[in-house]
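Dropping the structures in below, format is structure tokens.
Each of the next two complexes has subunit A plus one more chain, namely subunit B in the first and subunit C in the second.
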Partner chain A sequence: MRTPWAILLGGVAGFVGQLIFAQSNQLTLPAMVEAGSAFSIETAGSGQGTLYVAGLGQVIRKDVELGKTAWFPAGSLYDAGRYVVILEASGNSESGILDVAPQTKPASLSFLARPSRLPIALHNGITGAVYVFDAYKNLVTAPTPVSFALSSPSGAAQTRTVTAKDGAAWTAMDSTAKQGADKFVAEDDDIASTRVIGQVPGDPCGLKMTAKPDGDKVALATDPVRDCSGNAVPDGTIVTFTETYGDTQSTVDVPLKRDIAAVEMPAHNGATITVASGVILGNQIRWEK
Partner chain B sequence: MIRFKAILMIGALAGATAGVALAQATVKVEPASVNGPRPLAEQTAQAVIRDYLESWQSLSAAFDQDRADLLDADFVGDARDKLAQAIRDQSQMAVSTRYQDRAHDVQIVFYSPEGLSIELSDTVDYDVQLMDHDKPLGTQHVHARYLVVLTPSELQWRVRILQAQAG
Partner chain C sequence: MSDGSENGGAMLAVVLIAATIAFVVIGTMWPTKAALAYTGGQGLTSSSSTPEAAVQNLGDEIRASAWQKAYDGLANKAQFTEQEFEHDLKGYYPSLRTYATLDRFEVFPLHASDSDAEVRLKLYWSSVVGISEGTRDLHVVRAGDRWQVEWPIVKKPVVPPQVIPVNYLRWDVIYRGAGDDWGAQDVEAPHVRIVDMRPVERAEGVVILGELLNEDVVPAYVSVNATLIGKNQQPIATEGSFDKISHLLLPKQVTPFLINFPNATLADVGSVRMTPFSTLVPASADPVIEIDNEKLNPAPDASLTGQVINQSGQVVNVAHVLGTFYDSTGHLVWVADEYLDRALLPQTPESFNIHIPEDLARQISSERTIVSTYSSGGSV
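Showing the complex of A and B:
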């Protein structure tokens, strides 16, 4: 009874042995290859064989002469990652692992900047995130300095340099005091990517109106409406005038036109008139003829 | 006695082989170590890791069946393009590969400030079986640290970058 069991066990062991490779001394692989560069694989023995290089981004099959160097020209293997290499010859297979590293020189940046438009003078209001890629769209994982610069039309600039970790870098910047289109630039080596950030005036600041009699009306007009940094608040911004007289309240919404909002309201002696824009309150006038 | 031992050994081997075919990968999730200013909600972290782990199933099926379209649900952009390229490569050469993930050790490492991308690292153990014209060439075990970038789509997070680190 021993013999059949021994044969069966030997067969099972052989089958499992075929399925699970050991690192071969018939196959000499480079420790690491840079993406896109030429490389070679050494094989031992004699006769013909086939090399298989299989990864998640590329699969290569190459007929080889055993005992000679198998050359792979530049551009053969360009997708960074870990590859299984199998040498098959005369029904026997041997295998190993080959690493392909991304190029260290960046070739492109994926630059996300947010928001595209925001009010002036917001602390850390603008963020930028960058992923760094090589010429083959591999993530450059070696630490690399990424510089960020936010410049306003007046020329003032904020700059930061951040070391990318695992291919990613980020920064936060303050929006500047002047309205306009700012340039937000991310740069690594000589590769730059630019985004435009629109900076709009903030909320009105020091909202003030004056009143003049105009027959049986009162003519109300604001001073030019500015934000706290002196930027003109955009035309079309709604200014609300409210007149309270006894139990009666009248409200008129007026869009800014050439920085000023103006309206006529009934002139009630003793009426109280207020002005506001959004949540920003302006001055109050008590109308006396 | 010998016979009993042999039966036990064969049983164990058969069990192991069945286990190889059917086993689910073990998953270990490390506490997030996020580079970035944006707070990472627990639900977001769970969704990202769930969607990422599912992507290995579609990757495996796509390579096994030579069907790049099976990648569409879980991969996008360069990751999808590169995987599809590998599937085209192997299809043209009548080579096929079977990927079976065994273990994952996942950690979220970057959440971009605007919330449009999450990067995680995954130390993966997986097996790759190669066949040429349906003839098995063997199975190689691979241990590698992957960097993975996912971006949100309508219903889920999709893998945009999937790259094993060299060394």
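Showing the complex of A and C:
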């Protein structure tokens, strides 16, 4: 039974103490300070004292004359957050809370655009997320409009405007039907950040090869390889030629060069030759001399 | 008590030292044949009084890398130099064989008369990727009271002087730097996809077979991990494809993979979790390797044979041939591989022979072969 009584009495004593402390009015703090701006703290009484301002990223110690205003120049406190202010004088101390808010004007954007490379014509395939920072790298938590613009090589542009909430704004865009490098720009106020998104062709479409005799070999070459939107499939893409003759088979993996894959294979009368790229099959040729 | 144990310890030390000295003396005075052979002595060499003994001696000398002694004992050594003989066995260009040692060999008499004989020498080379076999049929001739081997030298392949223009793509990669803004993009990892997967129960355990496609437009360094999940949803084991895969995939290229789970049984497995990995790496589309005359040989001794031809102008030091085998409905049946222990010279065919398990050979009706290569940059 003694313990609950002790807790209750302790709580009451603490409350009364705080009441007395708050009413002493030796320390008058601004309600809110914007990061990086000048501010002042009023003190009461007389004599010398020391003022401590301590936060997560910063600590300031300042000798003050009680009863006068202590001035802090611009740039003194620049990390947004909650600070504890302690005034120590003649062995006594008094404390209070000072909140430092981020600046409302954006100074920089961190723009995360994903992915950096994707196939064409993908709905909501591109995402962009923006974090808005002030000049002191504090997240700007005040609502602010962020505009996103994705422009493709064909000139078509998609735009969205999103209001940043708690310093963050995001959107999703479609990749277009044309391959190339898209510019993805995020802008807030007069601050802009640009990312490049590579739109790459899709799988080959209508893969077709032709064959012609070349001495004791057969020369095989594909038509220019394109995807279903007409984009050229990039050079280096592997095209597989397979020649089956009786119970033997020959295979060559050939990279595309200038949109075409070409190879020479043994010319066997009656051989069946197929072409494929990845999981896409092309046409089939039966070789007759 | 302490005096007694100290005396006992000193006595034991004296006995051990004396025994060591005695064994060293015995080993030096009367060494075993194998030890003597490895020190370059005459240990394993016995009289070449029969064709088999002559080939046996030659095998011992090759195993001991006693090239001069092996060369000196050949009947046809005037036809080639000792260096050519050594290169014929170890390779003219850096390859897996160059760094291999002869683990063991077998001698099979094929035919014999009073003056000559045919003997098969089967060599088992120990390389970094396992044992590779080589067979030489040797003609052995009588020279007085002893027999000598005529070595069937395979001379250095001659590639005719020529210019081979190579203008295939090469991909270089610039990765994100340490000083970049944290929001800046890094290069996107290549998009890869498992297009086929099948667990198979074998005598040695569970085997996961599959195929992986690089569906991106950039080269990918790939590997695959698999985790067997028990019927109680707890993981049983995780294994990787290790070298049973072609690690470098060019755009739209497909590689088979095989993952072994020794001592696991399919009955205990509820599901399998597959994890493909891909990293964007610099790569070249060169060299292009042609695979020619692929043939599925039925059981017994089922195999996939064929030849690989390096179409580029650069020497390929290591070639890894991977075969994917399908049944008549196109389902994956097996994945097997073989490393070629000889370098691939430009335009020079090199044979491969991939063993297929007998019980699976009957199910196989088609196959697909790919070759992954490693070049150290040398040319002919």
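Just a few scattered comments:
Keep in mind that, in the parts below, the second predicted complex is superposed on the first by the 244 of 289 C-alpha atoms of A that agree within 3 Å, B and C clash if a C-alpha of one lies under 4 Å from a C-alpha of the other, contacts with A are read in each partner's own complex, and residues count from 1 in each chain.
Here is the rule we use: a contact is a pair of C-beta atoms (placed from the backbone, for glycine too) under 8 Å apart; a residue touches a chain by one contact, two chains touch by 3 or more.
This one's a predicted model, so the numbers in the text were calculated from it and none came from an experiment.
Once chain A of one complex is fitted onto chain A of the other, the partner contacts of A:Glu65 are absent, as it touches neither subunit B nor subunit C. In the superposed pair of complexes, A:Arg114 makes contact with subunit B and with subunit C alike.
More subunit A residues lie in contact with B than with the other chain of the pair subunit B and subunit C.
In the superposition on chain A, A:Glu42 makes contact with neither subunit B nor subunit C. Looking at the shared chain after the overlay, A:Gly55 reaches subunit B, while subunit C stays out of its contact range. In the overlay built on the shared chain, the residue A:Tyr131 is in contact with subunit B and with subunit C.
In the superposition on chain A, A:Val252 makes contact with subunit C only, while subunit B stays out of contact range. Of the two partner chains, neither subunit B nor subunit C is touched by A:Asp214. Look at A:Val200: by the touch rule set out above, it reaches subunit C but stays clear of subunit B. Residues common to the contacts of subunit A with subunit B and with subunit C across the two structures: 112, 114, 131. Only residues 1-2, 5, 8-9, 12, 16, 18-21, 32, 50, 52, 54-61, 79-82, 84, 86, 88, 93, 95, 97, 99-102, 112, 114, 124, 127-129, 131, 137-139, 141, 165-168, 170, 172 of subunit A touch subunit B when the two sit together in their complex. Chain contact summary for the complex, subunit C toward subunit A: residues 167-169, 171, 181-188, 195, 213-219, 250-254, 285, 288-296, 306, 367-370.
The touching residues of subunit B, counted against subunit A in their complex, run 2-3, 6, 9-10, 13, 17, 35-37, 59, 78, 82-83, 85-86, 89-90, 93, 95, 97, 99, 109-110, 112-114, 116-117, 119, 121, 128-130, 132, 136-142, 144, 147, 149, 161-167. If you check the complex, the residues on subunit A that touch subunit C are 109-118, 131, 193, 195, 200-201, 203-204, 233-239, 242, 247-255, 257, 263, 265-266, 277-280.
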